[in-house]
Every structure is written in structure tokens, then in C-alpha cells.
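Mind having a look at this structure? Questions to follow.
Chain lettering (A, B, C and D) follows the sequence in which the chains are written, and residue indices restart at 1 in each chain.
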Amino acid sequence: MDWQRLLDQAYAHVAPSLGQRGRVADYIPALAQVPAHAFGAALATLDGECHEVGEAGKPFSIQSVSKLFALILALPVQGEALWTRVGKEPSGNPFNSLVQLEYEQGIPRNPFINAGALVVTDILQTQTGGASAAILDLLRTESGNFEVAVDVAVAASEAAEGNRNAALAHFMASCGNLRNPVELVLGEYFRQCALALSCRDLAKAGLLLARHGLRADGTPLLTRSEAKRIQALMMTCGTYDAAGEVAYRLGLPCKSGVGGGLLAILPGVGALATWGPALDEKGNSIAGVDFLDHLTTQSGRSVF
Amino acid sequence: MDWQRLLDQAYAHVAPSLGQRGRVADYIPALAQVPAHAFGAALATLDGECHEVGEAGKPFSIQSVSKLFALILALPVQGEALWTRVGKEPSGNPFNSLVQLEYEQGIPRNPFINAGALVVTDILQTQTGGASAAILDLLRTESGNFEVAVDVAVAASEAAEGNRNAALAHFMASCGNLRNPVELVLGEYFRQCALALSCRDLAKAGLLLARHGLRADGTPLLTRSEAKRIQALMMTCGTYDAAGEVAYRLGLPCKSGVGGGLLAILPGVGALATWGPALDEKGNSIAGVDFLDHLTTQSGRSVF
Amino acid sequence: MDWQRLLDQAYAHVAPSLGQRGRVADYIPALAQVPAHAFGAALATLDGECHEVGEAGKPFSIQSVSKLFALILALPVQGEALWTRVGKEPSGNPFNSLVQLEYEQGIPRNPFINAGALVVTDILQTQTGGASAAILDLLRTESGNFEVAVDVAVAASEAAEGNRNAALAHFMASCGNLRNPVELVLGEYFRQCALALSCRDLAKAGLLLARHGLRADGTPLLTRSEAKRIQALMMTCGTYDAAGEVAYRLGLPCKSGVGGGLLAILPGVGALATWGPALDEKGNSIAGVDFLDHLTTQSGRSVF
Amino acid sequence: MDWQRLLDQAYAHVAPSLGQRGRVADYIPALAQVPAHAFGAALATLDGECHEVGEAGKPFSIQSVSKLFALILALPVQGEALWTRVGKEPSGNPFNSLVQLEYEQGIPRNPFINAGALVVTDILQTQTGGASAAILDLLRTESGNFEVAVDVAVAASEAAEGNRNAALAHFMASCGNLRNPVELVLGEYFRQCALALSCRDLAKAGLLLARHGLRADGTPLLTRSEAKRIQALMMTCGTYDAAGEVAYRLGLPCKSGVGGGLLAILPGVGALATWGPALDEKGNSIAGVDFLDHLTTQSGRSVF
């Protein structure tokens, strides 16, 4: 299949309406300044190629896409015991909802909502002594780009505007579901959200899952079964409370972030990252989902 | 791959604990009498074979598995307009919850919870003038078994114990989301739930999705895209509020019923039906999920 | 205290804005036709007088005010056992919410929301064999007006538009909290809601509570303690999810109805009924609450 | 009426079962150590007497009873504008629930749940520059006991175990409903909760409301209308999600605290404080409510 041509076509499909619908995340100034019409995409294939369109090399704030890599690191160490502290079910509620957390007594619904990611960060912090550094290290190694870094201005802004996440963290602490100090966990969490990667970097890092758990150097990080399970979670929980809609349209496991990033795994092909900062009301990149919708429809490729 | 051997092994794996955990649905007498240790499974393959273990030929009450076939009939006629009356998101709540329905003003979260299925039945009733008869007709044709029938004793029991579904239906009627008379919709719904099929019948009928929408006679019922989309809904919403857990374990699109049935689609292989009446607390067949977990792990086959 | 003058002043206070804010209940035609600017009030005093302003003699649909009289009849017969089937707490939700009912497994929050009133009607039906007739009989005797009757057109309209109440009733039946057939309970409930009384009739009937439980003929219907307790429920639960606001403004036990009626008990003075069909968004009469606010502020009378 | 005899009788009524039901609050050590069987009560009358039974002179942690005095200070300064930042409706949920707060976008349901009290403390802090000191000053002056003080050990424990309140405060800050720094508001809140008063002190301070807003020295702090309104809030919201039950049993405006304190206003008589540390599941003093139930039943005094 001529993937470059398919990417070009999908890009041509979304280009006319870039920035015309949706809103750029504006809860922190650093994100609000990103141009709404920016767009990039990269497909890293299992056979080592990287097809790109638009601003595929420009770093952006990956935000919640980092939750995926936190889980990739924490799960193989913690094993199934991880699921005593966080669930595996779609939340059906916005990503930062306190409601479900209270009904479920401090056990977040899944690792891809904020509360669940805070628990995974807490676990990873206990495992490594430095959760955000461990994620940074993984992303550098897998992307092969050692320039990947935390955007400290974004991290500082997140902390300054972090009352909602602080509420989640304090609530879980009150339920005994955080083991490290609340302020430490929040700091690590804000730093991992502030990681800046390009589509190219992100797609290459995502190959880990397309290779069923093998790192870029061929060593296993996840078992095949773990890689399958994490992709299942991406499909059922990876795009906030729009997971059903996104699965319906794309038929692919995805993880999105409010920075406009989206990472999808194409089984047997590779990993695809898109960046389009204008978000729909559920917090997913409008251009990213449209691009992938066109690509999967034209290529006939999905997991089904 | 030697599927018969894999089925035999999976059967041997679940056989020792059949009926030892979980509970048979007991809200109506006809279901409560089914032996908890019963088990059957059938794999209908794309190349025309049918591998079977246990009581694969014994008819059971398919209950909510019928919701899948109602959607398969209603969607291609109604098109995307169907989604103005029912959502596509996992519910995160039990299958017969009124809570979400009220918050969302009578638009059920998805077509596989009871409220959503009532809306699909209402749509199908308007389309066909006889919703349960249309589903029966489809299942007979696709399974090739013209003995398939509604178990009228079960249908009558459902109606007698149907206050919860009546509450859902009346509530949606109060929101203007049922077009046919409440009693008529309920009657059609109870009849489709009371359809009795064997694993063999159900697996053969499920081939429709494995064939990307083609009927047994080769004519198209669904487009390839529609077949993909319905499978995505099965994965995110097909097993009540355990969809995340089931997707995590199996990595397959599934639809379950409280009669103990489970239908899964194996991409590129075929359709698999299991029957094990003892249910977990979320209403899914314990033996069925265990059987499929073993089979997918041993075969390495999942959608991911 | 010159109550007639106080009533006149309060009437002069509300008169200029009658019908200018709020909406007349329009879920059934018979209610929608009532003029929004209508108003009447009557104070029946313990010493036998009846002070009136406006259309105090015109019958209107008392709707939920009937819930108070259903409880007055059912409580002394059933005793404290009544509270095993219905709670005593404010609901904090609209009067016809299904949500709370599901969280609390079919035990309505209090007897003054629709679900709770359906349970009280069910209890009264079991006690008397004719719930709405028993309420009618009580209201005729206490008001001394034997013309009081059910408005059958309103009752028929209620039934025709009764899907929401049917949903509540079927849900409670599914929880085992209705003992009579659902359709019978609904019919009795719709009839009691459709009782038509004037402010004069209603105020006289309300004297029962101002007399601490004694009927017009001096015989006890409620003990002093029961009369106190029912007034406490009126204060905490009598005006839907605005009970806190109404108690804050008036400091009086009240019961309201969507027909625009409001019945308040003035301790040591008597019972006050108002009628003003334009409702605020919580379903309470705007003119009625304003009238009582002015009257209690000017007279300095409240329970506190 | 011989109030001393009535108090003695009510004390004799509750004495046999003191400490035999319920649980002492144990979320901080300082409270957990209080003996479950302790009991005291004091009635300060409008004519200057103080009737006492049991340990009426022993200081205890007043906890949420302090919320009443915070409101008494903040309301007359802020006026009705206060109600744009906190509601007046019963919550129907536990005192520290996050759920309602999220549904209602950071506007707490009423000033007597924790979230609402944090907002009132924030307002009082802005008004006075020292919220807890202002409350302390009021309580000293009104009780005439200048030994009244903050128990600093309790305040420190509250802070150490304060994750749940921190979650509430951070959430409201994220909604813009706290104006002072979160940590400052929490500190002031924990200090006011840690105020230690005896029943005698508390009853004397409560006379402010029985005097319709006049301070001990005869100067007005509240208007008559404000005093009425605050008592209405006590009745509908003063005892957490048991307000309906307590109003039903006692027919009096009350405010309770998890330290086992309870303050009730007897209209025309005075103010009554009780202390009994064993709490029911809603967080109210079992002995206190039983004592007041006996007293109001025997005296026939309630607001109704």
C-alpha cells in the first residue's frame, strides 16, 4: 500500500477546514498560543520507514498521550496488581470528573483519565524514584531523539492552574490511594504532561505497541499479551468520553491529548501520530480524528 | 491453525469449574431452571467449517445478543440518523440503569443497553411493521436453521417481570424518543429477547460480521464500513459495564446476553459463540469469557 | 393583628407583576389554559374567620397539594412503619426524578415528590380501597364544601401525559415497593392530583394542621406529635427542590402544586392558601411565594 | 414551665444507653480519644437562667457548629450577595461530598456542608483578615467566657488529615469560588472547627438567635429577618443529610458537629446545647437527638 500517498490524500482532505472548527485548549497560556490551524502527521512503519505530512517535525505538548507511556512502564513491573488501584472501564464522564471517583471511593475508572493517571504516576514514582524522568527516558530511546524534553514553562503553568488535579489527588489521598506525597505526585504528573514531542517522535515511540511490546532495540518491554491489553484499553478508554465515537469512526486503538496530539496503532502496519490543536468539545483533535477517519476508510485498514 | 484442537483445549480448561462460580439469571423462572454447569461453543469459519464442543447444538435464550441483530437490521436502513436517537458511548452503568437516561434526557448511551435496544426496536418496528419477526427471519436465514423460534414461555415471563423495562420505555416515551406505542415496543422487545438459538446457529449468523457485512448468500446487508462500526460498538459497549475488562482480556468484539450466550468475531477467521449460563456480577457468562480468554491467549489471535 | 389589612397589602404588593414572570404549567392542555395573571388567597383562622383577597373562591387544580392530604390520611393508620417505604429527607432533585429513586433502590426520598406520593397512594389504596375517594371525602368534610370534586378532564389529561409517572411507578414495582397493580395506583394518583379546590376550601382544610391534628368537628385525626411531624416535612420537603429557599424566605411549613396552589400553616393563627398559576423554574407559584414573603415580613410571623 | 425538671427527665431518659450505640468520630486521634458515654446539656433561657445536666461545663470540639457562627458573622456584612457563592438547599448527600459540588460547578449546596463552610470562611476572611479569630471573638463575647480557645492540637490534626477538605477547596478554587489562597482558607477553616466550648458556652452564644439577632449586650448583630432566615437554614440543612429526619423528630432548628455537639433554638424560650460524642451514621449525636426528642415531646415545644 502506498502510505505516503494515502497520508497526502488525507492531509488534502483535512487541510481546507484546519482551525475552522473547535477550540485550542486555553486553560494555560502556553497552550492557548498554539495556532489553531497547525497540523502534522507521521506514520512510522514496522519496516522502518516514516511517512510524514505537514509539521511532522515540530514538537508539541503531548499532554495526556503521556499517560499511555506511564502505563507502558508501570504495568510490566506492577503486573495485574496495578488493577487493584485503578479500573479498566470507560468512564463515560469528562477526563477530570470527581463524581465517579467519589462513587467509586477513590479508585479511578481507568488509567487514561486524570485521576487514573495520577495513580499510575504514583506507582511509577515508587518504582523508579522519578516518574517523569523515566517516561522522558523511554520516549528519548524509542524515538531516537535525545532532544525530547519537558517544556518547563508548560509544566509551571500546569502547576499554577492545577487546582482541579490537586482536588483529584487530595481526594484519592484521603482514600489511601496515593502512596507518595500529594505535592510530589502532582509535580511529576505536571512534568510528564508537559513533555514536548513531534509527530515523528511520537509515531516512532508508538511502534513499541505495533511491535507487540518490543523496544526499538529489539528487547521486550511488554509481553505480547500486555501489548494487546494496553491497546484494548486505548480503544475503550483512550479518547476520554468519546471513546465509543472514535472507535466507531476509526476502528483503531488511540490515545489523545489536549495539546492536540493523537497516537493510533495500525495493526500490522505501524504507529500513526497526528497533531491538530483545535479540539472538539470532548477534548479530542478535530483534524486528527478527521485525518484518521479518511485514512482508515480509504485504506480499508482497521482492527476489524 | 487447528481450531478444533484449540476449542477442545479451551473446553478442557473451563470444564472443571463449570457452574462453580457465578449465578444463573433468575429474574424469570424459565431462565432460572437452566443448569449452571451447561456449556457449549461453536466456531463457524469463513471457509465454511463449524468446530464445536459441548452442547453446541442446544438452543438457549439469546436475550441481549438479539440487540446486535436488531442493530444490524436497523442501521443500514436508518443510516447515521439512527445516532440522533441513541448514542455510541459505553455506559459505565448497569444495562438497565435509569440514571444515565435521565441525565441524558431520554437518549440512551448506546444500542446495547436495554434503553438503547428499546429505541432500536422502535425504529425497526417502524421500518418493518414487525421488529421481532424481522430479527427471527434474519437469524433463520443466516443460520440456515428454520427451526429457530421465539420461546413464547420466556417472552411471556419477560413481560410479566418487565417493570424495569417498562420504566425505561415510559421514560423515553415521556421524552419523545419512542414513536410506536409503549406496550407494542415492549412486546416486540420481549419477543426478540426470547429468541432461542444454539451456539452453532449463533456462530453461523455471526459470520455476517466476519464477512464484513455479506449475508450467507453473498448479498450485502451492511457496507464494509458499517460492519467495522458495529464491531467497534461491540468492543466498546457489547458486554455491559464490563466492556473494558472483556476487551482487556479478549481483545475481541463481543456481545453477551443474560441467558449465558456470548458471540465474538475473530477477524479473518470467523464467528465464535459460547453458552454458559452462570453469570458474573456484571451479567456476563463466566465460562464463556474464560473459554475465549484461553482460546485467544493460546492462538495469539485478537484484533490487536 | 388586622389580618385582612395585611392580606390586602400583600395583594397590592404582588398585583402589579401578576403573570409577568414565570410560566403556567403546560404539560397538559387543561392547565395550560389557566390565565397566568390569576390570583387568590385565603386565610382561615383558628377563631373561625376567613380573610380573602382576589379569586379566593375559584376552584383550581391542587395537583401536588393533594400529596399532603394523602399523607395526613395514611400516616395515622400506617404509623411509623410507613417510613420503611418512603424516606423523610429533602430530595435536592426535581419532583419527578428517577435518578435518586434508582440510587436508593425504589425507596423515594420523601412523600412529597411524585415517587413518594405514588407509594403513599398505594398504601392509602390498600387501607381504604379507594385512595382518591378517601382524600376527596376528607377535603369535603374539612372545607365544609361538598361541591369539591375531581376534575375528570384534568385526570384524563394527566393519564394521557403520564409516561414519566408511569416510569416511576413501574420502577418502584420492579423494586417491590408498590403492592397494588401499577395501573390502579397511577389512576388513583392522577385523580387525586386533579382535585379542584378554591383557596377558601384549601385554607379551611389546612386548619386541621393548625389545630394540631383536630378535624373541623373537633375529633382527632392526627396526634399533636404527628401534626408537628407532618409540618416539619412540609418545611423540609414541601416545595420540591426549592424547600431551602422557601423556608429561608417564609419560615413557614408549605406545600405547593404545579396548578399554582400553595398551602402554608401559620402557627397559632391558621392556614393560608394562595393561588397564582405562573410558576418559577422549580415549579412553585411566583406570586404565592411573593405574597407570603410580604405577609410574613410585615406581620413578623413565622415559626422562628 | 419547669425546665430544670424537664432537662433532668430527658437526661434520665438517655443516661442508660449512653455510649452503647454509634461511634465516636475517629478520623483524628484527638477526637477518637473522647469517651463515647460522655454527656452534657445546657439550656440558656431568654430570661437569663442556665439550666444544666451532666458535663455541661466541659469544653469539647464544636467542629461544624462553628459553621453557624461563621455564617452569623458573614451574612450581615455580605448581605444577600452571599448567596451567589453558596446555595440554600439541603444537600441530600454527606457533608463532604464532591459529587454535588461538581454537578453544581463549584457552588456548594448550602453553608453548612463543608464546601459551603469553606466559602463562608473565605468570605469572612476577606471581610475580617482573620476568620477564625473573628469567630473566636464572637463566641467569647456571647458566651461571656474569655477562656474559650482554639484547641491547637485538634487544629493540627485536622490539617494533617485534611485531604478531603483540601480536595473540596482546590475544586472550588478551580471554579473561581475561593478568593483567598487555598492553604490560607483551609488553615482558617481547620482552626474554627477546632474551637472548644462547653454546652454552657454554646447555649449562651446561641441566645443570639433566640433573641432574634441581638447580642448579649443588646446591640443588634442580625436583623430579625436575618435571624429567622438563619434558623430556617438550620432546620433544612443544619444536620447534614439527616435534616429531614431531625426536623421530623424535633421540629427545631439545629446545628450539629462531629465532635458530638448540637445546638438547638427553642422559640420563645432560649438556646439548648447538648454534647454526646457517639454519632449515628449521618454524623449526628445519638444522645443529643434522643435528649431533644424527649424534651420536645414532654414539653410540647417545637416551632410548629
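As a working rule, a residue touches a chain if its C-beta (ideal position, glycine included) is under 8 Å from a C-beta of that chain, and two chains touch if they have at least 3 such contacts.
Fair warning: this is a prediction, and the values are worked out from it, not measured in the lab.
Per the definition at the top, count C-beta pairs in contact and tell me whether C-D or B-C has more.
C-D
Could you find the chain whose CA centre sits the greatest distance from that of chain C?
A
Centre to centre, by mean C-alpha position, how many angstrom separate chain B and chain C?
47
Centroid from C-alpha atoms only, then distance chain C to chain D, rounded to Å. What do you get?
Distance between chain centres: 32 Å.
Would you pick out the residues of chain D that each touch at least 2 other chains?
Correct list: empty.
Name the shape of the chain contact graph, picking from line, ring, star, complete and other.
Here the contact pattern is a ring, one closed loop where every chain has two partners.
Considering the complex alone, what residue numbers of chain D touch chain A?
It is residues 97-99, 101-103, 163-164, 166-171, 173-174, 182 of chain D that touch chain A.
Write out the stretch or stretches of chain B touching chain A in their complex.
For this pair, the touching residues of chain B are 87-93, 100, 109-110, 224-225, 227-229, 231-233, 235-237, 241-245, 247-249, 251, 253, 265, 267, 297, 300, 302-304.
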